[in-house]
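Note that the chains take the letters A, B, C and D in the order they are written out, and that residue 1 is the start of every chain.
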Amino acid sequence: MTSELETAAVRHVRERVAALHAELVRYGLVVWTGGNVSGRVPGADLFVIKPSGVDYDDLAPENMILCTLDGVVVPGSLGSERSPSSDTAAHAYVYRNLPEVGGVVHTHSTYATAWAARAEAIPCVITAMADEFGGEIPVGPFAIIGDDSIGRGIVQTLNGHRSRAVLMQNHGVFTIGRDARDAVKAAVMAEDVARTVHIARQGGPLVPIPPEAVDRLFDRYQNVYGQNPEGTLA
Amino acid sequence: MTSELETAAVRHVRERVAALHAELVRYGLVVWTGGNVSGRVPGADLFVIKPSGVDYDDLAPENMILCTLDGVVVPGSLGSERSPSSDTAAHAYVYRNLPEVGGVVHTHSTYATAWAARAEAIPCVITAMADEFGGEIPVGPFAIIGDDSIGRGIVQTLNGHRSRAVLMQNHGVFTIGRDARDAVKAAVMAEDVARTVHIARQGGPLVPIPPEAVDRLFDRYQNVYGQNPEGTLA
Amino acid sequence: MTSELETAAVRHVRERVAALHAELVRYGLVVWTGGNVSGRVPGADLFVIKPSGVDYDDLAPENMILCTLDGVVVPGSLGSERSPSSDTAAHAYVYRNLPEVGGVVHTHSTYATAWAARAEAIPCVITAMADEFGGEIPVGPFAIIGDDSIGRGIVQTLNGHRSRAVLMQNHGVFTIGRDARDAVKAAVMAEDVARTVHIARQGGPLVPIPPEAVDRLFDRYQNVYGQNPEGTLA
Amino acid sequence: MTSELETAAVRHVRERVAALHAELVRYGLVVWTGGNVSGRVPGADLFVIKPSGVDYDDLAPENMILCTLDGVVVPGSLGSERSPSSDTAAHAYVYRNLPEVGGVVHTHSTYATAWAARAEAIPCVITAMADEFGGEIPVGPFAIIGDDSIGRGIVQTLNGHRSRAVLMQNHGVFTIGRDARDAVKAAVMAEDVARTVHIARQGGPLVPIPPEAVDRLFDRYQNVYGQNPEGTLA
């Protein structure tokens, strides 16, 4: 039964999702087995996510876990003898409710989580943040694991918002993207701006960026930057 | 005489303890020859600990040191020509007095030690801390090396406490676990939350987590997370 | 047509510029695809710059992009099928207006950008800063991408100034040098002093360095340090 | 002529000094070509030091520079075609005036330099600092390169002091040791405690360690720690 589930699309997403976890390590966004990346399987009501509590050194395409959009492991699929990430329900909720999202990332990266522990949005005072997030990075509600409340908090906060990152109060950061790589980029950039703005403010008052400049930067970056600009989700 | 001391269980613990020291380096918890990991030998009144003042690059199973629960090097055992870690007495005291503990770690990791230099417990304001430590990370007494006072301070503070980490005043952090790996995980997570909560508080007032949410998170994490949840010590 | 464009001088600059990007990674000045290095081709009205939005792991001499001093990609040159860095116009403006400049670097390195988010110059309170920058690191205007305003801000701020680094308000840091390596050194040192002075000031009042000592240090360093002292730009 | 200068003792010190520079890189104490290690040649009025302005990746025993205790390069010695570190005069002054010193290290490591920019001694509030430095790390005078004033400031501050590290005002840190490795250890530990105590104090008031406990810790560590305790310089 495994073989017919393992379509080329599934294999491709397994490879991408497994490999992208190395970026969380490279940029210091995770410790031990914390954090997780998932990616939607194009053309199917499925997504691929990291197993729970497995070392980053041991992640590989074949131990990524294939789930339905209800967050249930597909029986008989590769790796299905393991439990998926304990955040699987939140990822699934996002995929069910935001059809344009192709990737989700969750970390407890230090600076983003520090803002989350104060339930404080990160103000947009650097142009890289205007480019990437189109303004502030917002705060989502306090919600604990065990039902749909984390997923619902992510979706309610990000739906219609330019930002692809949300600081979940007292918890950490979730990011979304058009695919898993785009969501990982958002996670890397969210921590980078969380750190820079924190340090900036420790030194004295911040200079705001005029809102119309934020708008121009965001528009340009979504449409011009890179080799194959396609826009992002917002 | 060496051969009969080197049971399969001893060899296994030597390998694990030697290898786990690399995690202290990977996560930046130690500098130079500081810090140490030990592991109890299952089914024997023995534990294995790092030698004193040896480079992390040079640690290997055969130079780990086998001690009795009184902290005395087992004569004739592999590596017994060297001195054990100067913190051996504290580890031994923990093993004698907390029979469920299978591993002990000590570091002077930066942020944990910073809280310890103020004799201030780390408040539980992030869910990862509720998961892992079930509440605040407490402070133990000021005690200096040379007798049982460090070991006694660790045991008195952690006995019956949910936290597997204690900040020893003006000193550093000790963690315990069901085995050496579990204690290393606690050391990694203790520094991670020490850093995040420090940075969070530099930016303004922290939002507390309701105690009943802390309880629910701790219960769930001890029983559900990972591939083989077995609960931890607390 | 490619072959005659690829003179030995162009090939040499391609190799240097591609390789120097690794220094931005080594010193943690950039994340993801951010940041860029360029180098002027000696004896030609050309410079070589990083392509836009390409991973640091994938940079190589043959995908660096050759531009005229108007910031236009040289048609038919190696790599010309890609877009150059989105900061190419700013680099080009600097090369057109400061003929002694042979290299330009741009990053959003954390501490330099933090000072830029406050529009605050970095005061010269450490001798390494006097050596390298001859005094404070100044702030340039708020300017956004899309025309010559960033390049003009860099040139107006650095022209006649001892500093080879400018903090562009709400944006990041640009550095110049007699060649690409010298500009990269300035970027590394700018972040180093931005970090040290930030941390110093968090702890209390800074001790100023007398202006005549700053002058002596700068003079000496520009003329004596290293194996082949040739002076820098200022 | 080179061959008779290259005694076994000189070759040994060249190897040690070249290799020890990698520890400055490993612990993040230096950027670019900054920082330097030197080691006295036992039984000779000579020391070996890093060349000026050479990349850390390119340091090797044969390009270390052999100097007399006046800080003059030994003519015809290996590597003598290069300039020695610009801090050579300060190292030489220390070797001339403190005969028990066998190694000297200088860095601009971030946190130590931050205390130096405020001309503030680092208070002894953690036991690792009592062990290693026997109390506070003192501040030396403001002195600039070009004559003996840096060397004199180091010697006047450290002579008779327990600390093997001195924060030179507005400059950086110098450390001494019984050999080059011991001085490098002091440089690593000085930055570690500079960072920990800085961060600790950002969070609130520090708890002092009673002076008699500092004395006991220092005595014990100098005489008991490690595999071959021999005491240090103080």
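Before moving on, here are some points about what is shown:
The rule is short, and it goes like this: contacts are C-beta pairs under 8 Å (C-beta built on N, C-alpha and C of every residue); 3 or more make two chains touch, one makes a residue touch a chain.
These numbers come from a predicted model, not from an experiment.
The set of chains touching chain A and also touching chain C is empty. Both chain A and chain D are touched by B, C. Seen from the Cα centre of chain C, the chain whose own Cα centre is farthest off is B.
By the residue-number overlap criterion, the interface of chain A with chain B counts as different, with under half of its numbers used by both chains. Centres computed as Cα averages put chain B at a distance of 32 Å from chain D.
Per-chain CA centroids place chain B at a distance of 45 Å from chain C. Residue positions 202 of chain D are each in touch with at least two other chains. Touching pairs of chains, sorted by label, consist of A-B, A-C, B-D, C-D. Residues 27, 125-128, 185, 188-189, 192, 195-197, 199-200, 202-207, 209, 213, 216-217, 220, 224-227 of chain C are the ones that touch chain D when the two sit in their complex.
By the touch rule above, chain A contacts chain B in their complex via residues 31-34, 51-54, 82-83, 86, 108, 110-111, 113-120, 142, 144-146, 169-172, 198, 201-202.
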